[in-house]
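What follows is a set of structures to go through.
Shared chain: chain A. Partners: chain B in the first complex, chain C in the second.
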Partner chain A sequence: MSEKYLTIADAAVAMRDGTTTSVAITQEILDRTATLNPALGAYVEVTADAALEQAAAADAALADGIDHGPLQGIPLAIKDIIAMREAPTTANSRVLDPEWGKGTDAPVVARLRAAGAVFVGKATTSEFALGLPDPDKGFPIPHNPWNVAHTPAGSSSGTGVAVSAGLALGGLGTDTGGSVRGPASVNGHTGLKVTFGRVPKSGVVPLGFSLDSIGPMARSAYDCALLLEVMAGYDASDPNAADVPVPKYSELLSGDIAGLEIGLPIPYFFEHEKLDPEMKEAVLGAVKQLVDLGARSEEFELPYANEAKDANHIIMVAEAYAYHRNDLVNRWTDYGYATRPTLARGAFYTAGDVAQAQRFRMMWSRLVARAFEKYDVMITPSAPAPAEKASEMTVSRRLLTPNYTGHWNLTGLPAVAVPVGFSTAGLPLSMQVIGKPFAEATVLKVADALQRITDWHLAVPPVEALVAAA
Partner chain B sequence: MTGDDQKLDVVLEICGISPLPQDKEIMLKNFVTAREQAALLWGVAEARYEEPGLIFSAKL
Partner chain C sequence: MSPSSEEIVTSLLSMARLTVSDDEKATFVRDFPLIREGADGLYLPDVEFDEPAVKFNPLDYYPATAWPAVQAQSTRSEEV
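Entry: the complex of A and B
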């Protein structure tokens, strides 16, 4: 297997046993990016020179016996709503002030930099982490490496595409209603939405301030653990950052899930009329594999899941509207065709509607907490269906389609998307594992246990052939 | 104009939003869906007795 498809963990070992170097891995990724990025649209800006300098510094440090840990020399993609000092932050929008975050690192990027990571560039995002790609605005249009006619989902599309297509070994996404887990799900890798407050989100263009989180995206759950143990922890610059100890997540992925109690919430997540049968079958098959490893599972009724989806939407667009209100009045046409009507939805809810959504949120959180008195994790499909055709995506359709991820932003809980197979059309299928507050280690352990006995997360998309045929 | 058209125009005027003609169809759909979403949540009577925190924390 080529270096470009090594996991972070494998690359870290290879750099230390002399098999390869960060410069070699980074150069290969940059070459591959130069070839494929025009077709895949993973990056808004590639910071090649800086990346090679960082890689050389990582190699030199290792040669001098300075080892900052497994992320040293690892090429990462950074979603373009997160400040990174080598390149501007655009949020893929003509509206954001070009000076926003200029020349600075978000705390999460600074932590990765201190750990010796290499930054390949700024990865494509849906505009302000919300809209659909707009060919008229001059930003790359991301495509799914498994089938370029299908969506790579959003909003962390670029990071998802980069990880899947071998244009980075991992990266950062943000998740307000599923924007880490969606791209991980449809691009066939692992993505973790962290507990609200687990990773400081200062230095990130906000979408829904009470829902936003920054999460690791990588091929494996183990790689996500390696990223998270550097990313997580209190920072005073974020008023919502949680002052909770950060475990060494990677050391907690033992593979032992004997006695783990799994709850499968019904009816919404497993009996919805729009749930794809192949998705359901693949998720239940993965649950059976976990049971074979010693876990126990049972269905239980979790009411109001349909309402929870809408509560997440209402709170998200209300908070986003508050951020964008003046620009919507004064710069309507500078926003993309799909972004502006989506943001303007925030004007369609009354103050009472938003208060009721918040009251619902508390009730839903209590229902979920009650379920977690019995279960260690809940498992659902990550999405009702594999990646849809990009040409069929519309703003209205997105609103009316069921969603399995926003529920856990509403409660602030950690949830990881894990590959569990492929549809007959060759598109990735994905399972979501949800945990208690700050139980990232538990959800990652479940994902890792599955990945020790399956290799869905290591599958490589036939991207060169697809791009050539497109 | 339908009743929803008129309500949408009032909301847009109050908020100072001036969409392009080609945006109106999607905005009308969004408006109708938004009102349906809000009605759905108002239908959850149990939630009316909750007191949301000022800043949501992940503590359950």
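Entry: the complex of A and C
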């Protein structure tokens, strides 16, 4: 197997048994990025020299018997709304102050650095983690490696594309309404939205203060566990960081899900008129595989899911509007064509609407907590449909289509997107596993159990034509 | 008579001091009923006794027993 498709776990073993080195893996990824990035738009900036220095340092440390763990020497992509000292943070926007976070690491990046990780570069994001790419603003336009005419989703588009196309072994995304799970879903790999407060989010350009989280993205659930056990933990710089113990997640992925109780919430998540039949069939097929492994599943009614989608959106745009208001007034056209009208919706909701959305949030959280008295996890599709054509994405789309991810930002719960197959058009299909607060180990265990008996997460996108054309 | 979506959008944009193009304004006018529908749908009788979640902490809504695995696996690493 080529190194570019190694998992983090595979690479960690290979570096320690002498099969390869971090420099070799990093160089291959940099070469591949040089070839594919113009077509895929995964990175805003590639920090090649620094990455090779980090890789050499990781190899030298290992040779000296200094082992910081499985992330040592692993090339990662960092979403460009997260501060990383080697490169500026742009948020893919002309509006963000160029000095923002300059020369600093977000705490989560500092933790990965201390673990010996290698940083390939800053990965493309939707502007301020919102909206759609604007070709007139001078930032890369990300494309789905499974079909470049389709969206790689957002907002952690670049990290999703990089992981899928072998331009990094893993990376960081952020998730306010689905921005880790969406790209993981449509690009065909694994992505975890963590419990609110699980990973400190200081050093990240905010979108929705009470909804934002930083999550790992990688080919496998096991790799996400390896990343999370380094990323997670209290940090005083984030007022919302939770002082809750951090398990060794990777050691809890036993593959044993016997007796696990799975709830399948209906009607919104499985009976919606806009749910793609292939997506539904693939998710229910994966649930059956989990049942065959000893889990139990049943449908249950979870009311107000459509309203929960709206509540998440109202809170997100209200909080984002508060952050951007002065720039929207003074620099409207510096924002992308899709970013500015979405942010401006914050001016269309009343103060009472926002308070009511927060009251709804309490009620919805109670309903979900009640369901979790019976179930260990809930499972839904990660999205109603596979990746849409990029040309069909519009500013109004979020108002018109169902969404299956923002519900769990509203409740602050962990949720992982897991590949479960492909559509007849060759686009990835994905299942979402939602858990109780701080039960990242449980949702990752379910994903890992499935990935022990399937290989959807290891599938490689057909980018040979892009390589040949480069 | 109720004001039209165009009249409301014009007022809201003016109050927010946002200067938008004609096309953008047309999109806001078209979407405004959907925006209101989403907000109006949250004024539910079932929310009557709920206070706003002004600072959100997921643990407030779940008993500590919901995460025994975390407590049992207290292998917290030192913070960087």
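Here is the rule we go by: the second predicted complex is superposed on the first by the 465 of 470 C-alpha atoms of A that agree within 3 Å, B and C clash if a C-alpha of one lies under 4 Å from a C-alpha of the other, contacts with A are read in each partner's own complex, and residues count from 1 in each chain.
What we mean here is this: a residue touches a chain if its C-beta (ideal position, glycine included) is under 8 Å from a C-beta of that chain, and two chains touch if they have at least 3 such contacts.
Predicted model only: the values in this text are computed from it and were never measured.
Enquirer: Thinking of the overlay built on chain A, is A:342 touched by chain B (first), by chain C (second), by both, or by neither?
Expert: first
Enquirer: Examine A:356 and indicate which partner it touches, taking first as chain B and second as chain C; both and neither are also allowed.
Expert: A:356: touches chain B and chain C.
Enquirer: For A:247, is the partner it touches chain B (first), chain C (second), both, or none of the two (neither)?
Expert: After superposing on A, A:247 lies in contact with chain C but is clear of chain B.
Enquirer: Go through the superposed model and pick first if A:441 touches only chain B, second if only chain C, both, or neither.
Expert: After superposing on A, A:441 lies in contact with chain C but is clear of chain B.
Enquirer: Figure out whether A:107 sits in contact with chain B (first) or chain C (second), or with both, or with neither.
Expert: After superposition on chain A, A:107 lies in contact with chain C alone.
Enquirer: Identify the partner contact of A:233: answer first if only chain B is touched, second if only chain C is, both if each is, neither if none is.
Expert: second
Enquirer: First (chain B), second (chain C), both or neither: which does A:454 touch?
Expert: Neither chain B nor chain C is touched by A:454.
Enquirer: Look at A:423 in the shared chain and tell me whether it touches chain B only, chain C only, both, or neither; answer first, second, both or neither.
Expert: So A:423 meets neither chain B nor chain C here.
Enquirer: Indicate the residue numbers of chain A shared between its chain B interface and its chain C interface, in ascending order.
Expert: Residues 195-197, 210, 240, 242, 304, 306-307, 310-311, 313-314, 325, 328-329, 332, 340-341, 344-345, 347-350, 353, 355-363, 365-366, 368-369, 372, 395-396, 399-400, 411-413, 436-438, which sit in both footprints.
Enquirer: Please output the residues of chain C touching chain A within their complex, sorted ascending.
Expert: Residue positions touching the partner: 9, 12-13, 15-20, 24, 27-28, 30-32, 34-35, 38-39, 41-44, 46-47, 50-59, 61-62, 66-67, 69-71, 73-77, 79-80.
Enquirer: Within their complex, state which residues of chain A touch chain B.
Expert: 195-198, 210, 239-240, 242, 304, 306-307, 310-311, 313-314, 325, 328-329, 332-333, 337, 340-342, 344-345, 347-350, 353, 355-363, 365-366, 368-369, 372, 394-396, 399-400, 411-413, 436-438
Enquirer: Chain A touches which residues of chain B in the complex?
Expert: By the definition above, chain B touches chain A via 11-12, 15-20, 22-23, 26-27, 29-31, 33-35, 37-38, 40-44, 46-53, 55-60.
Enquirer: Which residues, counting only chain A, touch chain C once they are in their complex?
Expert: It is residues 107, 110-111, 114, 195-197, 210-211, 229-230, 233-235, 240, 242, 244-248, 252, 304, 306-307, 310-311, 313-314, 325, 328-329, 332, 340-341, 344-345, 347-350, 353, 355-363, 365-366, 368-369, 372, 395-396, 399-400, 411-413, 436-439, 441-442 of chain A that touch chain C.
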